[in-house]
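See the structures that follow.
One chain, chain A, links the two complexes that follow: it is found with chain B in the first and with chain C in the second.
Moving on, here comes the complex of A and B:
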């Protein structure tokens, strides 16, 4: 294996993994802290926790939701999520790198299944990218980072898929370096981009509910800050 | 409001928004005021963490566009819930996060412009804060909460609809202490009239008690009901009479309306204090809210928040009536209503799942032909006048052509002759839709129909 690929799969990967894990951990800690502080400040601390949990869980496997709005987009997005998670976390080659770097890994899923999932992921990412380019509502919402992240995912999925094919026309080592570098880029940006939703997802519905639980005297304090003790008229 | 807002200034008012605003002309340092207000609100509230969380996670997938009736009708990208939320999140990122400030300096991003202010002022009042989009957001972003916050900041920067501000001013600082400016003697006359009506139509002596101490319930309807919804009030009183419930109306404060929910937390809290104060003055044990979606939600949600040790339970009149029906305390003649009836869910009580089945069970007990609109319940479409828009006459065109279009189509498709809805705001909007779209239906409150069915 060329030195640069060894480096990319070794010390560089370890560094990226540390940024990824610690970065996401930081977000989780900050968010949980913020929510606890908000609950503490709220005038009414009773929250419908069970209802929020039920709603949040129902979106983890959103079979009842996908068809309701933008079904094609929703299924493409769901396919992409499943693909990234399963292929990323359960491909033998990925787990070998993990084992080599941190000394442990877990069971893998068989390659043919993951191959199909990779194709689903490629189709999903391509559909989402085309939607962002051509569908007016998506286009108007999209920022540069939205396109770049989808391109990054496409790079990873396509290069990963090609690397496992006999008919791959690209030299394996170069293709693998491309794959690994894109993969590392994804891990690096995760804590600083919308990919953070991979760990913050469970806190969003909870957070929205908590935020509706306002702080007593908050409004008066705002008035005092803006207008001084004399306040303002309505 | 249906057309380009920048070209929609009314010649009557010379204001630049689609709603009238007091003293908020151009060159008024609106951006600076907005940022100061935003900073103060972030400092003294619970909003910072949620704005931060939304800013970190929003995926901008646009799925909300498909569930928003305003966007579906207007096809205007400004009406995509996520687009509107981004307006606020962008300001937050640029001015209130270190990474955003750094980025802004490096990239030389433009300061908050007058055009951006105009866009926010317009967009946040094209949303009814019905929160239907939140149901379909895979991440669970609450765009209604962002509309609420956006309006709150705007209002502290001097931009709030005159129609709401003037009403609240009368409610909190005026002589009549209610949004409809009804003087107490007029209210008392009105109650006498309602009593006489009930005696004539139902042959029963139904009381409207005022200032009775130690009652089980103190009653707060949308105060406009006293002017416009006699049947609803008589229905309420008939149920309370038939069930032997002890209740009272407070002479010093009798308005359930809380426009603070629509645009300002300071106002919201002051109105809650006023309501709780009157309940405590009369030593009532519970607050009973009349047929009004936002009044019920604001009291239910925010009495426990702001009342502190003065807290007391809040009950909707629909809950009370439903319990009476279930307990067999209320005799409603089965099949007495033969017209086809449908029920419109007010967003403020249905979206959370609080009041969805109760009115349906009540209605089904005496309506022979009850049909549903599709979708309904928690997933209902807003009447198109929610979040205070219906109180702004200048938004009429927008409410008819854009925000209320879906509801009008739903009503027509239901084939109903009567639409029952327990909300003063919904009723006003739906009646305007009926006129505008020439729908062959009558809009009534739930207790209007109960009044026809109840045996006293």
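Moving on, here comes the complex of A and C:
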């Protein structure tokens, strides 16, 4: 069996998968915990929960919120996200590996469609990387990890695309090993980097919406509520 | 000991406990066979050995209770709470460990059936009752906590206080009974116990050594807690324990050695085997030496001297329990026991969790001194900056422990979990493939049974824990076994459940580890798929190669081209239209490699009996005769 297949079906992959799944689960728990703690501390009884929920749900499909001022950026980012999600979760080969590791998988999308999506993803990732490098406002906001994560994504997309091509110039096994190693690295860093937004985004959104509705200086006022104006304990 | 070190030690204990949690899930999901190194021939392993140690170390509970309440040696009363907590945790560990060790722990309710000839029955009842007594004895300490000052709880605490003396007496009787009957367990397995550890007086040996171990466990715990909490040791009381422990320990040593001497086994201790060296070390370093050390007043009353003696005594008694039940136990011929990773993880996780519970109680209860540690002062909350930094209670702890848990669980999972066998997971060597095709009898070419066919047959998932994962040859290559389906089917076929059970569970022969699946499933060795898809895929260029063999979109064996399209050198035999992908069964392969030569030699040597079936299979045995199988190959 080639190394890449041993890695993908073996214990190392199970380790990565467990870190990925459990790490993200832990982040969700911590985020919700923090939101609840913030609400509790602020003591705002008139929090408009319905509005908050509606806003949070509307952000689940960000098509409505595409950035009008930077359409190219928006489309590149949107394309990259759709591409990664669909290709990552619905490619037959990926699902086979999942089946081999955890014993179940789901239906797949046919390959020609995913090939097109991969190309969109590559274009999107390349555009985002270039704009981070050359657009001054993006550059100022970027940390090293932002570049590295985009590069990692680009590695995965390009190597995955090449592996399926007849004209692929690189030896198949070596290319797949590269693809699998990069994929495992992505899963492994996901709970410890901004990649965590793949499951955290509704919760981050919820936190942001809640934060908008906290009363000003809610933190210190709650102490006054608890302890009275003179610091006397009630 | 500084805070960082404390946190590191706690993290370590949590990590061990988390690993044990993973192992626990695996043990219950896949069964004892797959999760442990235990077999039918070696059913007792590291769990039993640890269990004996837990109970021995818990001996301080009844010893101190007797000393304080019965003999009225009031000066030792400050140690009582700790002794009872250690005993409670020791016995809880025993019970938790037992839940893992019993094949079907949910059948535990069956101990209501009276069994007046079973030592196990007595132990089970004593342990359950004594653990209840210990919990009742310890509850008043818990109910002192400021959070538990509800009037009803205080009423309960008051009743428990009233009940102390009857509880203590019950506790002493129960633990005396079963500390000794743990020793009795080994009386009925004399043939497996090493003579140097065997003694008809094992019950008395267990009892006396449990008293010594319990007292010394208190001494060691005192030293550790002093390092940890900087209080609570009461050195003068521990010295008192050191002064009195030679009594039970000396009795234990005298009983043990005199029995061995009287029965004439003692010379075996000098035969130079590793068992004899272990025995001598156990007796002299773990028994006689600390006895002498404690006899010297100056040593006994020095911190180092007392601690050294206590550790030596504990080591000696732990060694006695573990050697008796594990290290020196005779194994049946051809069997071998080594604890599996998940088994070890569970064995270690239980004491780790017990230590964490101990620390939790020591931090929150008036266990070591009289005072209860003060809760965090909330007056600092008035400062808004300090408030903003303040985490919700437990948040930081949860973040730290869950972060640790993720890595431990993720590491433990692939190490301990062996997924069930997959049909395509074993690649076939191409050389074997070609060879197999050569010797394949034509009759088998139409055989439908193959790995692929079996994979296509859906297996109905059984409810609950009825599917066991059997690690058949202990080769970390497991199969799923639907126990309930087998049970139901066999009961229907044979008419009674008893007969159904016996079909599989009473077939073991000496040296057998378990009844093989092939005993009933005679198709176990039917032809196997020898076509290696992976090798073909890789050589033909990975994902792009599918269409090189498969004509349609459906990538099935049916839509693939025949082998000769590429392997032009492969020519079918006369009357054969195509190759198939099956290797012969084990049986056919064996016959294939023996029969031809047998027939040839029968003619050549004019010995027709060489070609008869009964020559290799006398009395209609399905397996060839061992003596002929050992003959040199022609």
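A few notes on this one:
Everything that follows uses one rule, which is that the second predicted complex is superposed on the first by the 200 of 234 C-alpha atoms of A that agree within 3 Å, B and C clash if a C-alpha of one lies under 4 Å from a C-alpha of the other, contacts with A are read in each partner's own complex, and residues count from 1 in each chain.
One rule holds in what follows: a residue touches a chain if its C-beta (ideal position, glycine included) is under 8 Å from a C-beta of that chain, and two chains touch if they have at least 3 such contacts.
All of these numbers come straight from a predicted model, not from anything done at the bench.
In the superposition on chain A, A:37 contacts both chain B and chain C.
Which of chain B and chain C touches more residues of chain A: that partner is B. Shared-chain residue A:211: touches chain B; no touch with chain C. By the touch criterion stated above, A:18 is placed in contact with chain C alone, chain B being left untouched. In the superposition on chain A, the residues of chain A touched by chain B in one structure and by chain C in the other are 34, 37, 41, 219-220, 223, 226. Those residues of chain A that touch chain C in the complex are listed here as 1-2, 5, 9-12, 14-16, 18-19, 22-23, 26, 29-30, 33-34, 37, 40-41, 93, 100-101, 103, 163-166, 168, 172-173, 176, 191, 219-220, 223, 226-227, 231. By the touch rule above, chain C contacts chain A in their complex via residues 381-382, 384, 387-388, 391-392, 395, 398-399, 402-403, 405-407, 409-411, 413-415, 417, 419, 422, 425, 427, 534, 538, 541-544.
Chain A makes touch with chain B in their complex at residues 27, 31, 34-35, 37-38, 41-44, 46, 51, 55-56, 59, 62, 65, 68-70, 73-74, 77, 135-138, 140-143, 146, 192, 194, 196-197, 200-201, 203-205, 207-208, 210-223, 225-226, 233-234.
Of all the residues in chain B, the ones that touch chain A in their complex are 36-37, 40-41, 43-50, 52-54, 56-67, 71, 75, 77, 80, 82-83, 86, 99, 134, 136, 138-142, 145, 156, 165, 168-169, 172-173, 264-270, 301-302, 304-306, 308, 353.
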